[in-house]
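Chain IDs A, B, C and D follow the sequence of writing; residue 1 opens each chain.
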């Protein structure tokens, strides 16, 4: 059952751990097979060093377990909400990486202060509104996805592949699981740079000029992107 | 004499060191065998890389050495005070981990700013009151335990398994030695996130909404907890 | 074609990565052969762990690829602008190292606060002015070099071998590729120390006395330098 | 010539590097043989990974090279000044460790904010006054030692085995080279904790109560010290 995708999701979860953005089991990565509408996701609370592709869980877009003997990640319903709302994305990652969490706890969007962030995200990293009590009680994990989706009204999730959930932490996504993990690592570094910029310059540093932001983003991701070897 | 427990306490002390929350010999872990009322604890000032299960020391709840040729940890009387006051706990850890010490030196409780802390601690991490001079002179290590116990009047040590001793550093506990170490590592990461949140948002960030805090804590530790594979 | 120089540039790029100042492929080092006027530079977007001397690209001072099957670094035109303007330099390095980027994002020169910086840089680390929109549209990478060159009017690029590009990050240089990398690592450490000094003392710490700055710089780099074994 | 002491000084220099408080060659350790009045010190600007006991240099208390083919550390005259003034000490270490340098650059003594520092230093870590221009010109390295000695009028260098040189960085000492290195590592950690305490609590945190400071220091170093196994 989706063996190649399970291998890819396992690798992406292990890469998340190797990159130092995960403590204990505090992260999860998934990917979707758009043809079948099935999602492969990390199991809940399993240690990274013993994890195999057979531990991965296959779930439907309606959160039904389709394959696997483990329980899926506790954040599964947030992942599926994102896949349903953003048809262009193929992978989702969630971490509690230190600096991204600090901005989420401060309930502040990370302004785009320099080209490092602009190379991956076409503007600020948005932050969701807090969840009201009834949504938390009804279905917290789905509500978390819905809060992200509400925040992205008017935003392009391909150009802005990352978000902070207020009081919680970051979710990132991309064309596949690897890309989602790459964005999780970039977000943590951007968040660290932004924290240090605030330390050096005071609470409201000047954002990058729009025309530099746009140039950098297009150089790597635009229609005529020429960064790299392809 | 309590060979299994000595093995477990040795492993927990080594894990504390591996997780990077200890410099030199600045940490100690113990566990209690509730049937006999005996406690196994790390010896004082012995380097981690040469430590064996035979170096562990067995003491009674009255701080008498019952087994072992080493002197027990200099903080032994604090550990035994906690075991006497909190009958539900099975292990205790003490470190000088950097960020937790910073909050202890600032003499501030760590507010619960996000779900990372809420997953392990049902609210803020409390901070003790300073010790008066006569208590320091009479029996400093027992007085440290007593200051913790006073601070926990009205608090549940199972739901709040961690504390800061003002001007000193953190103590954590749990159902066994491993659990106490896990909480010591989580506390250091929570303290780091809280420090960075203060840097980003100013000195008094908004705490996590009570109903989110409660949801997260219950999801992992409540009667109907469903996080993980059990 | 310039095999020795390609080996040296490869080594310098790998050293940049080993020193922890590069995430993913976010750095590049070049060196010039002044006799032929040819520059060896890292290819664009290639991972460090698979890179060989044959991946290096040889370009002219006019940015023409002279040898190699890869595309050169996206920052090549900045490197060549520096080689054209500063005839004394033999190597150039560019990174997005965390603390140096924070000062570039804060658009602040790093004042010379202590002997650590004075040992390598005869004064503050300057920061460029922002680029106007038309320069970004016309030829952003050359314009970045030109902004650096404008900032160095009246400065000696041998005595001040490092600069911050506002909203972007650091460029460093030296007598060869190794020296440029060494300066990139030193700059990151100086920037970190300056950030922490601001944290401890407030936004405008006292700069190092000129006569101490001068003594330290001359001890290592002056005509009568006596530091080291030569 | 003093082979055992050269071995010990080599080991101490390598330990300084292993502990992560040295970048490149930015540190040096020495030790004195009080019987002969001879000092063994690290050579100037030699990389750690190629260093042997034969690279060490033996100098007299008057800074004459007595043995060895290398030039001694550029800071030799500071070391000898300390050995002349403080007859109780057997080893000296100098680093540019990041957080200790930040306090030296901020020209602030590190207040004793907690028991971590109190376990090694009986009070604040003092900071020297700046050097006047004529002292820098005449003999900077000796003047640095003299500034430390002036600052220690009325202080006991055994109870306070560390100092910050304003605008420069830390010197530490102890009964031998190992002890000096141990204190250098402890000072860096104390300085980091103090920086974070300032971040959490504002610029002037409350120092540790004198009676707790004294209790902790005496427990480890006093006449009736009982910490550890001896």
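Everything below uses one rule, namely that a contact is a pair of C-beta atoms (placed from the backbone, for glycine too) under 8 Å apart; a residue touches a chain by one contact, two chains touch by 3 or more.
Each chain and its UniProt protein: A, B, C, D = L-ribulose-5-phosphate 4-epimerase.
Quick caveat, the model's predicted, so the values are computed rather than measured.
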Mind checking the centre-to-centre distance between chain C and chain D? Centres are C-alpha means, answer in whole Å. 33
For chain B paired with chain C, centre-to-centre distance based on mean C-alpha positions, whole Å: 46
At which residue positions does chain B touch at least two other chains? 194, 199
Testing understanding: with touching defined as stated, what is the shape of the graph linking the protein chains, line, ring, star, complete or other? ring
Which pairs of chains touch each other in this structure? A-B, A-C, B-D, C-D
Touching chain D in the complex: which residues of chain B? 23-24, 26, 43-46, 70-71, 74, 96, 98-99, 101-108, 130-131, 133, 136-137, 140, 167-169, 194-195, 198-199, 203
Please give the residue numbers of chain D that touch chain B in the complex, ascending. 113-116, 182, 185-186, 189, 192-194, 196-197, 199-202, 205-206, 208-209, 211-212, 215, 219, 226-229
